[in-house]
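Below: a set of structures, written as structure tokens.
Shared between the two complexes below is subunit A, which pairs with subunit B and subunit C, respectively.
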Partner chain A sequence: MTDITIDAGVKTPRHGKGRLWRGAVLPVALLAAWAVVPRLLPTPHPLLVPLDEVLAAPFIDESGREIWASLAQTLLRYAGGFALGASAGLALGLLVGASALADRLVSPSFNAVRQIALFAWIPLLTAWFGNGEASKIVFIALSAFFPVALNTHDGLRTIAKGYMEVAAVLKLSPRRRVLKLLLPGALPSILIGLQIGLITAWLGTVGGEYMIGIGRGLGIFIAEARGQFRMDLVLLGVIFLALIGFLANLGFRRLSEPLIQWQGTKP
Partner chain B sequence: MNVRLLAAPRAPAGARAGIDRIVRLRPPAALSTLVLPLLVLALWQLAASHALLPVQILPPPALVLNTLADLTLSGDIFTNLGVSLWRIGIGIAIGCSLGLALGTVMGLSQAADDYISPLFRALAQIPSLGWVPILILIFGLDEIVKYLIIAKACFVPTTIAMAEGIRNIPRSYKEVATVLGLGRRATIRKLIVPAALPTIFGGLRLAFSHAWIALIVVEMLAAQEGVGYMMVWGRTLFQTDIVIAGMIVIGVIGLAMDSGLRRLERRLRRWAVPA
Partner chain C sequence: MSLAADIHSTRGLRIRGVGKTYRIEGRPLPVLQNIHLDIAPGEFIGIVGASGCGKSTLLRLITGLEADYEGEIVLGGDPIGGPSRERGIVFQDHRLFPWLTVEDNIALGLDGLAAAEIRERIAENIELVGLQGFEKAYPHQLSGGMAQRAAIARALAMRPDILVLDEPLGALDSLTRVRLQNELFRIWRQSRMTMVMVTHDVEEAVYLSDRVVVMESRPGRIKTTIPVHLDHPRQRTSEAFVTLRRTVYESLQY
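Let's look at the complex of A and B:
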């Protein structure tokens, strides 16, 4: 599931005015075919719903309109679970990154547990917390927790040795050391962790809903549409799944960019 | 992002000096590694032997170990693993070979990249999880669903790595090839492949770890056998010991796969540098 490819924006600028046009050819052709081909069939096929009907479903279709309420529930769950998991991950990452003892005690176990594919937690979580809200929230938190903890730890580990020595020479108090050195120094890496966590938590949200079921949510919407053989609604749900993941990533990148502007001037 | 899964290299001694002065305690490494797991195990055993929680929620460690031994001796694990490995093998073969092919085309030809890249990026936005219900509607629970999901999970990182690997070859290499009058074939074999190899291999390692995760997901959602299904089955029987045993198997195999590939990668890198 965590098949995320962070597009770090390393798009090499290449010249040629035709690029945009060329890039539009295939998507436009595909979308046009999706709108036209299903209508050319002698009898409508249940799996081939024209594009415009899929896009109109959330406004016109009885079951399609359900998606708005589902989305609201899902986004709420996403926000709650992510906040929980990200803060736990940040706390653990800071602890392990700032204390060599904690690092030695916790990191090996953390790395071992992390090897378990994320979705493999779901059966255990439902056994422990039931099929309700608690399991879903814990699963979302778990999916954000690992990348945030890992990258926070990494960020602290790679703070230049010189800075640490300065802090030692200046006899900074532990509190000031965290606020003035560790947090700012590790910030770029922490932000990467939060960005990855945001994506994995989104997949965890929809995946958890899809697998656990019960209640409302985008994942449950998709699962029910599949159960009713409504390909149009499945596609609609998947479009929202991809779109919100994309927007969350983009939004986070926009918001976090100003925070690390000074990085370029770092010695 | 699984890149730093295992290495967790110790920071250079100096970097830690300031902090270590605060915390003077320094237990030997092997011992400190075991403290937490032993503590958890002890608490787990304690809770189980006092029957604080029902067995369906927290089976005692001995029961999990027993189940693991049973599943191993009866061959159940190997049957399920065999099915899973067959699926992942086919999926990887399809996904990686298509990815290498498309990546080569996109890396070599600017025009092809211009045409394909936006569509590729848009489709890559759809996670494997989204493809599962679509493919189930089309194919039912057929094996092909598993192959396609795993193939898709490998396809994306392989394509990206292949295209990047080729694109990042220094221009001077290509000039040398022109000067030496190497043919297109020889250029690819002698120059492009060795120079792009480290990037490609990084992508392949990512592809394998994505494939493993996709396998577990698809087996939990759309299968009647396999390691992922074994856990779901244990859950429906309220046999949490099977669930935990399954998690252990999944963790160990994930670990073995990643460290094996990491070792292979290190060896390849050493070989690729002089090229």
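Let's look at the complex of A and C:
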């Protein structure tokens, strides 16, 4: 999962409006079918709840209203875990990228540990930290940690040697070397790491909740709804998952794009 | 020797018996051998030679980007050991930091000065290279020629004693190149700086240099030094210019 690469901030050429509409045809058709088809059945089927009923659930259904509290809990957990993991990843990436000694000391272990499939951590974490909040936060942090550390390190490692020579010739002080060369030079890669970390931490948040399953949260909401055969609530939860993931990614891109305007448009 | 004493007192560059050997897979590979060159303050030296003759290595030794050489390289009275703001360099690729504006790039080598002095130096060098109006531009917004001017301004802003140029115009199209040769001449005249330029372009070397140093390869040595006693501005099509150009070409051939 740390090998995900995404196009960070480089604007793709704008497609015509017509193209956009053509792209929307299929999802809109599916949504329309979802709203209409369940009503055409002779008897209502519990697995096929019409779209509008799913969307109304958080407002009119008693169990459906639970989703708001779950959502708040999940977002808090997501933010906390991501902040923790991203900071740790950033710190480790900077250390390893700036110091050859730290690189030799830490990188082999880091690379070994990151081969562990993310969800394989869960039994270990629950054994260490119990089934409460701590395990979930650490799990989310771990899921953000690896891509951020990896991409930060990469960003520093791949700063062109030519720029390092310029820094030497201009006699940049260590402080200015960090501020004017290393950090800005690694920034595009750091932002990619954060963006991937944001996605993996979201997977970690919901996955961790679903698998650990105690307390409140979207993942738990979905698990419980499934247990009670409330397909409408399961679908509702999934819609929220997608929405939050989408908004987090979009928000991050909006915030980070101005930081790397200097890249210009690349061919 | 009175000439040497002269150079010493006004911070010329003295290169004596300089050699440099790389190790490739444990085997020594001599890239420079027995280089002698005295450069007077304010002089413009052009260095030409086939690729692999070590001319870029010589520039890197002068700037202190490469260490471990034999012989001595002395600027004024000080032997060179590592980079210093006394010696500026312009590379073939401009190497402006893409995340800094033109003026911030120029300011890179100026920390330690008072803010007013920094502003003054930026303005002065922007003007010298003719980039007024592009102070806030980012490198990706500049043409190749403009970026190279900015790189020259960045090197000059430190007020080095000597500026070395490693094929600074090599990546530009021929029209921009001729224009920048004229600019470079003007900058050299105005700044009265010692300049050492490596180039592949014989005409460029003859057009700008007081002396053209011809180097040969394997190992890199100085083959001959050809003085250019032509008045500025030089006419590229004049008989004397063409003859000199041919002389340099011929010494490159054999």
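One rule holds in what follows: the second predicted complex is superposed on the first by the 239 of 267 C-alpha atoms of A that agree within 3 Å, B and C clash if a C-alpha of one lies under 4 Å from a C-alpha of the other, contacts with A are read in each partner's own complex, and residues count from 1 in each chain.
Going forward, a residue touches a chain if its C-beta (ideal position, glycine included) is under 8 Å from a C-beta of that chain, and two chains touch if they have at least 3 such contacts.
From a predicted model like this one, the values you see are computed outputs, not experimental measurements.
With both structures placed on the common chain, the touch criterion links A:R176 to subunit C but leaves subunit B unconnected. Contacts of A:E257 after superposition: neither subunit B nor subunit C is touched. Once the two structures are superposed, subunit B and subunit C can be ranked by residues of subunit A touched, with B on top. By the touch criterion defined above, A:D52 lies against neither subunit B nor subunit C after alignment on the C-alpha atoms of chain A.
Shared-chain residue A:A168: touches subunit B and subunit C both.
By the touch criterion defined above, A:G185 lies against subunit C but remains apart from subunit B after alignment on the C-alpha atoms of chain A.
Comparing which residues of subunit A touch subunit B with which touch subunit C, the overlap comprises 165, 168.
Residues of subunit C touching subunit A in their complex: 63-65, 83-85, 87-89, 91, 93, 95, 97-100, 108-109, 111, 138-141, 154, 158.
Chain contact summary for the complex, subunit B toward subunit A: residues 1, 4-6, 8, 11-12, 14-23, 25-27, 29, 32-33, 35-37, 40, 56-57, 110-111, 114-119, 121-122, 124-131, 133-134, 136-138, 153, 156-157, 160, 167, 210, 212-214, 216-217, 220-221, 228, 231-232, 234-235, 238, 240, 243-244, 246-247, 250-252, 254-255, 258. By the touch criterion given at the top, residues 1-7, 12, 14, 16, 18-19, 22-27, 30, 47, 98-101, 104-109, 111-124, 126-128, 147, 150, 154, 157, 159, 161, 164-165, 167-168, 174, 177, 196, 203, 206-207, 210-211, 222-223, 225-226, 229, 231, 234-235, 237-238, 241-242, 245-246 of subunit A touch subunit B in their complex. Taken in their complex, subunit A has these residues touching subunit C: 162-163, 165-166, 168-173, 176, 180-181, 184-185, 187, 260-264.
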